[in-house]
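Before anything else, here's the structure in question.
Going in written order, the chains are labelled A, B, C and D, and every chain counts its residues from 1.
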């Protein structure tokens, strides 16, 4: 708005001055996309005035010309402002960035009346059709000279290259081939026995599983050895075990690992415990069994995001939980309170599935086993301990392992309820953060993809080790039924 | 070992069906009683009430002198063998045998050497000492059956209860086990209550049988007595294969007439009159060459040692049994009676009359 | 605690007196255990409220003492422990009345007072005291046994119902809250429980919502597709794992689990690239494949467990009368495995029906959205339309509940893949 | 590999705690680009489905389509809280939409991303002539820049101000807040109106966005003039102390209040004053609440007026979009004064066009005028890596001070240290 003021001023005060000459060149490809570089030479101009650019009859921009010193106006470097202009007083031998006032209005200063050159990269110029540019010189009170020329911006827009899917294709292709080759070898190896039919049955499932998940998992693992960051995707370099070192030496590692284990074990124990107890209760002859089972299964049927949000509302200081318990605890600020809360909600979510699975297993125990024990003089308690529980083991043992894996990587309960809980440690996981929710923060909030991948691989190895030890352990102790 | 007595026991399920209608039965100490009858006749329910697995609606049960009406199963000191053997799949044979003992209170639990001895003794008695370490699923049907029996015997129970223990075995093994069961019983002399629907088992195993139908005791007597003097048509038709011929009709003045068939009653039945059922076992049907009732042959089942002739006499189907040792074997070489113009007569002392 | 209280000096035949234990003893033992169990959370709540935990400690002591006393058949200690429990309930109620009565206090007091009082009342009965000092007549013992058999099943059923109802309440509280928000006017979530005027405006809004039906259709296609594809992959694999011990059998079973162990969050971008390369973006097929793969490990494991329980003799018999592996599988094994298939079907259906993240990321244009993604659009940062959100959640969960009720029996049976059958 | 739990349902980041000062509006600037436009456009909109804002937006888009019939526009609605993450993943996979509306801290999270050296968003500087640029409030335009590049065309601005329930004030006999209200009057009024079920003031104590206004009132500033971290600068510790004491010491603000419960209390007439933004205003007026809006008070100790952080929203174009011409033409149309004015009046979204600041129609709406006045007194939210980091670090400082783990000074110093590291 400022330069309007100057122009009006210029029109009234213009003293009659000897004729000036104006010379304009334009360069269509020097200034980049949708920009044209226009350099203007003004000879023998004195006093103040302004230089206006008009593109296809609409005002584009203007440079204020002042005879005198620049004072404390800033000189933004190339690229710092929305567009760039330069001035030169030796007709273009060397250019200096133009001065701009606090609104960014360009000001060209010159001392003695000789050749003053102004160069501007005009923005917003069409690159598909020619526009006419009219450069007008004003002194303080009227227009002195005008030159019309045609301009067009020739630099093309450089679109970023589409993500090349070749590595993905290569990975999927190669993994598919290796799997087929592997199955071929295995089939040849079992050629003598009947077992080879099995391979044909397993192939489709295995292929689908590996096709979809091999590349992402492999990509994740490779990423964990690089310094990948959101700000440099595609140009990450290998940085050895640095990420893993960061993971193990990061401040909250032991704390978050400890809570993850507490979270997982408590959840699985209560899921199997309460689920088993409910299954046994429902095993007895009790009326309304269907109603009970359907009601008790609702937490599994209702989408977990709505139920978790309702629990969040109920654990609010004025929420239902505090009303029922007569307490005013702020479950979201105390660490232990928050941890108890998230575990209780996840137990509420996980029990139905276990209840159903265990009640299935219970039903497969024939009734006359119990009767035989009763006749043999075995008490109810001893029957439970020596018959029911051992016979449930072959079902519960693998079930608990799956429960462990699911709960260890259970993301959305904690994310929705506390988003990592009371954040009391700077730059570290929060109170109720478990490994997977912290991985989300590292990856999507901090953008450190390499480090997050390392965390994920650490989770993966821990789970794999635990499951391997668990299956080995349970195989040994499991009463081979 | 002690006897068992049922005094007027009744069992009505919650939904009102009456499984046992007032059964009175006494089993002497050391006796082998077989409860036999078609399925759903209440024999299993009776056994389960004795075992304490089903509660008693009315009446009283005594084991020895002690009444056990509402005692829990574990208090009755019984041994039971189930149809499905009900072996604990997750325990070895040895553990299966000793499970009951191991669960006793410390005061009464036999100490380990004693328990070892009991296991050895039972195992050798049943010939299962070589499979003590095996799991039930690795055993054959016969072995499982013996382990189940061993489990019941090891605690020296007052009474052994068996619920159709042989029905899961194949025919050959079943015969073998029947003989062995009988041998064991005679050797150890334990009181046994055995439930089966197979009348052959009943006849071969039982000291005395109790035939039941629709929750009511039909007859309680030694097997042969029931075979020869069935208390009613049901018992008659139930025991013996092929089943007894039963013909309903009218008897007066020594002559029995049924629709399209009439013949003179044997002497010992000559004074029976009125409506009733005439019964004669196929093996007692006399086959003659002439002057008797003409019988048309419908089919012959030749089993080698004997053949069953399906005949039709005046519109009534009659079965006759030819047995190799039968004295009037007409055509011994050809193994059986002629194929045509056969005459039969019912005049035999074993014939029976059931007045309606 | 062993059940057998028989003392050897009674004559052998007097079984009734030797074995009779009034069912009240069993009830009191369960009552004592219940008191111990409810005291544990009460300690936590007392610590939250910061008020004294003495009363709870008293209740716990009473419970522990009772269990011990019942073991020893010591009447005096039983009386003391019942009194302790009763008194603890009264004290808790008294403190609560003074400060602020909370539902939990009412719950604790009623249970402890009932159990303590019940204990005292039972112990006071002459029959009980005679039994405790084993001065019981034979007929009385037999009558007692008869009473046991008649009454104890009823009491057991009563306690079972009580415990089940506790869990049902805990399960239903949030769901009642959702129903309350769904049927009461206005879009507020943290209003008071209890519906003044029932309205179904939210349901109308949701059902007449512009793209609810497209989302619903997409969800149905994806969920049923996932179930189909999931089963087509899982059943043969499960059968193969169960029947054939081909080499690599163990590793492959373990690798099924392996895939579930890698946190999915971090690999969304590469997974997106895989889908894009396979041209599966913005398609229901893409989601179907993704969800089948998610559900695959559980389904294969479940089906393998079930097929293990089907005895091999059936197949051998079928093989005798000339069936190929496939026709044996199709005509014999499959019909037998319908319950297990029902379970895997429900599991895959649920895995697809409620999933949000992959649906959001893979299907970028809204005509391909599924219900969960549509549901999320009700929550914007300016304001959350809680009423519609709750209503839609109920609508989304309705089919699953109905599915369960219809397949209830075969579902439960399907899960009985225990290894004891056959 | 699909996410961990087989039925992993929703990353519905219902950030009820930190709603932040974001809202949406429609805007346009004077001149449409002269280029001919073609091809089809995909727009992701994050308006709440079936809401007034969405209607206004869709009407404007169809209006633009009448002018450019040859362009086919496809609008997809995206859940707001997952919009940034969904956009990043889609962009990295080459499937980004052409046009999408982001707030400036969302821009702060997307702008730094480089995929093989390329940013995800188009630098709009070459597209706009200085004349076109001049229509917008320069502060708004500046807030859309990240490392010099112009990431989006500004369309709306928002900030919090003081809302009060006139009925409760009358009831308590306290006169309404006005320009020369100080924090002392503010505190005493709040205390006087806190009795029984009613509270004088309800604010989400742990929400950094609202605390910024008090912080600037105490002379604190998030960054120094030349951009260094300055969380523990002069007055910030006292500001945080005063802010927390409203709940901890004076016990006015109920414990654990978050945006949702604050809104609920105000709607049910249980809160006399709240600090909230224009995006909730329609909900309050619709509930026939006698609600007034006033400038945030002047801080007693410093004499400076509390100045809220002003958040801006703008239309960004994907760098990978094949037809940027039509995208920018539509963006310019959507931020043109006619569309923005319609949105301002309809949906209380505050314009960023200089000429609309003193527009008579807008001024006729008392509330709008009040909000604009408050925004003029606010300070622009910087769009930088540092700002995103603040939202990640400051909550830790607030929570440590809240639970008394640290003094406000120690907490803020530690936070500042962490912010310096993060910005290195």
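One rule holds for everything that comes next: a contact is a pair of C-beta atoms (placed from the backbone, for glycine too) under 8 Å apart; a residue touches a chain by one contact, two chains touch by 3 or more.
Because the structure is a prediction, the values reported are computed rather than measured.
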Chain at maximum distance from chain B, centres defined as averaged CA atoms | D
Of all the chains, which has the CA centre nearest the overall CA centre?
-> C
Busiest interface, counting C-beta pairs, is A-C
Cα centre of chain B to Cα centre of chain D, whole Å, reads 91
Between chain C and chain D, what's the gap in Å when you average each chain's C-alpha atoms?
-> 44
In whole angstrom, what separates the CA-based centres of chain A and chain B?
-> 78
From the C-alpha centre of chain A to that of chain D, how far is it in Å?
-> 21
Where chain C touches two or more other chains, by residue = 2-4, 189-190, 259-260, 262-265, 267, 271, 273, 276, 290, 293, 298, 350, 354, 356, 372, 375-376, 419-420
Check: chain A positions touching at least 2 other chains come out as 163, 212-213, 216-217, 303-305, 309, 316, 318, 366, 377, 379, 391, 405-406, 409, 411, 436, 481
Chain D, residues touching no fewer than two other chains | 1-4, 6-12, 14-15, 92-94, 261
Where do chains touch, given as pairs?
-> A-B, A-C, A-D, B-C, C-D
Chain B to chain A touching residues, read off their complex | 51-53, 72-80, 82-84, 86, 88-91, 99-100, 103-104, 135, 137, 151, 155, 161
Spell out the residues on chain A that touch chain B in their complex, using ranges where they run on.
-> 366, 368-369, 371-379, 382, 386-387, 390-391, 479-481
State the interface residues of chain B toward chain C in the complex, per the touch definition above.
-> 55, 63-72, 74-76, 89, 104-108
Sites on chain D touched by chain A in the complex = 1-17, 31, 33-36, 85, 88, 92-94, 112-118, 125-134, 138, 148, 150, 254-256, 258, 261, 319-320, 322, 324, 392-393, 395-397, 399-400, 402-403, 405, 414-415, 417-418, 421-422
The answer for chain C against chain D in the complex is residues 188-191, 205, 209-210, 259-260, 262-265, 267-269, 271-273, 276, 281, 290-291, 293-295, 298, 347, 350-351, 354-358, 360-361, 364-366, 372-385
